[in-house]
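Paired with subunit B in one complex and with subunit C in the other, subunit A is shared by the two complexes that follow.
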Partner chain A sequence: MIFNGKQRIWSEYQKEIPDDHYFYVRSCIRQNFFPASEKTFLDIVQNRLGLDFFETEHHTTCGGIAYHSDSIPQETLMTIVARQFALMTDAGYKNYVASCITSFGIYTETLETWRHYPELETKVRESLWKATKREFNKPEYLAHASDVIYKLRDRIATASVNRLVNKKTGEPLKVVEHIGCHYSKMFPSKGVGGAEYPYVLTGMIEAWGGEIIDYPERRHCCGFGFRQYLVKANRGYSLSNTHKKFESMKPFKPDMIITNCPGCPYFLDRWQYVISEMEGKTYGENSQGIPVFTYEEVAGLVLGYDPWDLGLQIHQTGVEPLLDKMGIIYNKADKYKL
Partner chain B sequence: MGKLFDKLMEDYRFKEGLNACINCGTCTAICPAAEFYKYDPRSITNTVQNKDDAEIEALLKSETIWYCGECMSCITRCPRNNAPGLIIMALRNLSQELGFFIDAEKGRQQYVLNKVLCGNILNFGYCVYPRTFLYKDHPESGTTGKWIEDNLEAIHNRLGSNLDGSGVGILRKIPQEDLDELKTIFDVTGATARLDLIEKLSLKKADELGFTQEEYIEHIFTITEIDHYQH
Partner chain C sequence: MNKQVLVIGGGPAGLEAAGQLENLGYKAYIVEKSDKLGGHLLKWDRLFPESISAAETLQKLLEPVGHITTFLDCTVVSVSKTGEHFSVQLSNDATLNVSAIIVSAGFSLFPAEKKEEYGYNIYNRVITSADLEDFFKTGSDSRIQNPKSVGFVHCVGSRDEKACNRQCSKVCCITAVKQACEIKEQYPDADIYCFYMDLRMYGRGYEDLYLEAQSKYGIRFIRGRVSEVAEDETGKLVIKAEDTLSSKPLKITLDLLVLMVGMIKNADNENLSSLLNTRLGDDGFFQSASPILRSTEGEIAGIFFAGASTGPKTLPESINEAKASALAIHGYLSKQK
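So, the complex of A and B:
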């Protein structure tokens, strides 16, 4: 096949993603803010598609948020990572999949740094042995969980109950895709489609009937900035960067936002609320916000999961405008039922 | 070659992040921090490549090294394979190792970050943990954030979490034996020593300012007294 233009550039960044048999590690941020997304992910791959995704209770944080807040040294981080790899080795797996984008970046950075500086890998192996008497093999394949859903996007489309189409007009929904910075900005060849034209979410949206919006600040950071959000005195940084993105996407009238990082949807969701409280400004239709989703939530909607089983009630920016456009039937009274 | 430059070169992130900067300014043009703070990754990269110890020391004591958000967008765009974001990580590391962070308002914030993040890691095995992520510290989490805090267990139960439960699952209780391993890793790899050093210097600073430990933590978490911003 002959590829031209962007298609050609994307084809240079085709990542190998194994079909099955993964060691699965959770995301601290996703568990805190979008717990049902992890539940949905495992339900899709394990129960609906019958794939092997193994989890052990003994895995922990990768330490990534502390590392990027400069609270722990690089060697500490890498030794925690090495311990996770040891758990994978003990469980007999070779494919490693992370739910978190910060973690995915951390694992990639660790493996790439060891490749450039083998003496550092030796040092980390010694530290891990000294601290825990553990040994490990490196994963043969490293994936982010969104890579897996990307790989499965056509199977999900085949099983779909709903499509990313405006049920009234028949038009594709206009979707902003936001890729977490640490997915591929540091190591472009490790992400589907690279850093400038990442295809991981675009591929899902196209397969499920939607249309991607290309807007000027598409690649701008959501504004997390680690210490710039975590310390209250710095939060203006985070808010200002999210604001910049919304101002840039507004003229394109997005129906929804999809993200692959667990942190970005939190900021894109919550800062819309803050902007509306502070400035009285909203970015969606009818003085509402633009609903923001994780890719697991979008996959779940497409497959016909109940919106409140997907955890959409714990978003601050209402998701109903999108549900209505897709023609999804939901029970309003159940939203806050516990 | 300067002593501080040599120290920086011991950091793998610095070795990876510094090639030859041509001062093109691309990093600054796309940097989210440079638009918000008085911050210029181009000049930081240029300063360190000049290897002048006095200038590097001034950087290590400055506010400017604390402005970066570590988004790493600069890595993708730099035409000469520099990584200002990685250079910043090495500078922040050395600033803490040498105790210079205490001279900067933004540097002093490391104490509260350490307390929260390393506290969560060592006590619970998570970087972020719902019982320490409080609405009062995060009012931007909105009315939903308040509802979640008030109904934490019921909401996690509704959504299929295993909050503080045994076995696998979302927000499960991580076994003590695993937390013990994390603590040993901290001890063996220098994190514990670093946390202790920062605590010692921070408590000394609190004392100088006439604050109790709690007052100091509240102060560095919430107060900005310097003009850090682009206008």
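So, the complex of A and C:
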């Protein structure tokens, strides 16, 4: 592989990411799947780094799941988005950051649609006023939470107590980075690094000492999607996509997977159990599976957070072998204590 | 009458035009921005459809122009028209006073790295058709190591809205067929695949070469686009494509992938068109006075065109157009006192 070829592409897909003063909106489902990820994100930015990240209990889902399942039309979605922007405006913020990749895709799609069809924006403003008597400004900057951690990666590296390195051998951990489809596949210029070779997670892994793995099915969807997953009868299709990815990454012997989407780590983590039950096949060293993390969890590990405070006990694929590899000290007895 | 004519561009069209003008009794000057005459023809090995040597063809184009005043490593800096004459300043500070100008600035090759999904300059074994032609000429490219399976991707940067090039580059299909046969000659055990959108075999002998590629060389032609290229753990390329004729997606592992990069406007066209006060089309190529009856003449009197400066062309078309352009200049200047 010609690394500076990728570097050239990354330099062309740079995006401006403010490092402070954000209005933060959560994901519908992340707190269920990976309960401490959002909490860790806020703890890092607010308490560890002293930045201004604001959230309000009055915000809602972005409507993405309903929209992508064809349950609500685009105008309804855009009005929900407009209300979110109104909350941001009322709170006095101009930078908007979404925890969920699908949300990021929804907000990007909405803003781009309004740019091309301003009459639709006018109609949505009228709808919002009629429904809620609210008005809004559009965000000056829209980021995904992984963009923010990417922007802060060097500060996190400086404050780190653990590295993505095998403590015994000194070798960098081999890391698979999986980017949610809604991050840059729809609007490549809105993602750090573009669509083909995104850099947002690669940059974090590099800064924290790991080694990136590029494997043939790197770009492939994990299979979460919406229609294929929400309809139970279609779940085999979702599973087959994850299976394809694991078969493809297997020869590269990854130590861990890091993702930036709510659904992707869920599938990549949980489906390993299903594959082992259905096919008797496991991945990773000693057939212990390949642990899957959100980027907030990895940032937390690197900064020395207790693994159980990061919610890692909820993971289906055990994380302890990796923690041991990294030389992280943890108390096994505390794993399920409340 | 001022019988001096400036030829901008020392590629095949410019060389032919200059030679014809001298035959007709005019004094031609050639201005060439690189350090050699010959344009893209310098880089090719064999020419379709009959595998004629590119080097020998170039030599025949160069012989008649040996005595012609040539400015290498040189560009046009300014052009001013007074009456029927042009005063042209060159980057070497020379000033030429000419009665006519031929624009034979040619084309550029599409930069393959722009089609990021194909991994040019990222994955080691992805090369362009120009790289392969260089390999045939020199016998040396570290990326080509006894390949057992080779793929050709047609229409890279051509017929592509996303790449901002809607035009068909005309020569890529026949070049792919030619190169597929050539690489099969070199590596008889290799499996060769061509991934095409349409096969444009319009020229004389092209269809025969296409049939020979299939029957004699066993080249497999797959109608469908390549969606992405990746590298496996051994460094081989994993290609995903669509086979539209069997309506199936396919995945194939290859040792080498050749991107058929298209002809796009020369990077200097904007500057030249501004200097010469001529129009460019939406595709960035020069606009002639009329595409049917006056395709070698510019809209401004005294400006003429030859070769790929007005759009993708084959080599014989460029050379014929150069002859036509020289004759058109002769007709134009004969009317002057």
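Convention: the second predicted complex is superposed on the first by the 334 of 338 C-alpha atoms of A that agree within 3 Å, B and C clash if a C-alpha of one lies under 4 Å from a C-alpha of the other, contacts with A are read in each partner's own complex, and residues count from 1 in each chain.
Here is the rule we go by: contacts are C-beta pairs under 8 Å (C-beta built on N, C-alpha and C of every residue); 3 or more make two chains touch, one makes a residue touch a chain.
Remember, it's a predicted structure, so these values are computed and weren't measured experimentally.
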- Message: Looking only at contacts as defined up top, I'd like to know whether subunit B or subunit C touches more of subunit A.
- Response: B
- Task: Have a look at where A:216 lands relative to subunit B and subunit C in the superposition and call it first, second, both or neither.
- Result: second
- Message: In the overlaid three-chain picture, which partner chain does A:141 touch, first (subunit B) or second (subunit C), both, or neither?
- Response: neither
- Task: Please indicate which partner A:251 is in contact with in the superposed arrangement: first for subunit B, second for subunit C, both, or neither.
- Result: second
- Message: On the A-aligned overlay, A:330 touches which partner chain: subunit B = first, subunit C = second, or both, or neither?
- Response: neither
- Task: Identify the partner contact of A:128: answer first if only subunit B is touched, second if only subunit C is, both if each is, neither if none is.
- Result: first
- Message: Quick check for you: in the superposed arrangement, does A:197 touch first (subunit B), second (subunit C), both or neither?
- Response: second
- Where subunit B and subunit C land on the same part of subunit A: residues 195-196, 219
- Query: Along subunit A, where are the residues that touch subunit C in the complex?
  - Reply: 1-2, 5-6, 8-9, 194-197, 214-219, 251-252
- subunit A-touching residues of subunit C, taken from the complex the two chains share: 113, 116-117, 119-124, 228, 230-233, 238
- For the subunit A and subunit B complex, residues of the former touching the latter: 26, 28-29, 31-32, 35-36, 38-39, 55-58, 60-61, 63-66, 68-76, 79-80, 83, 105, 113, 116-117, 120, 127-128, 130-132, 181-182, 185-186, 188, 195-196, 219-221, 223-228, 230-237, 239-241, 244, 270-271, 273-274, 309, 311, 313-316, 336-338
- So in the complex, which bits of subunit B are touching subunit A? 11-13, 15-16, 32-33, 35-37, 66, 68-73, 75-76, 83, 89, 92-93, 96, 106, 109-110, 112-114, 116-118, 120-121, 125-130, 133, 137, 140-145, 147-148, 151, 154-161, 166-172, 174-175, 177-179, 181-182, 184-191, 194-195, 220-224, 229
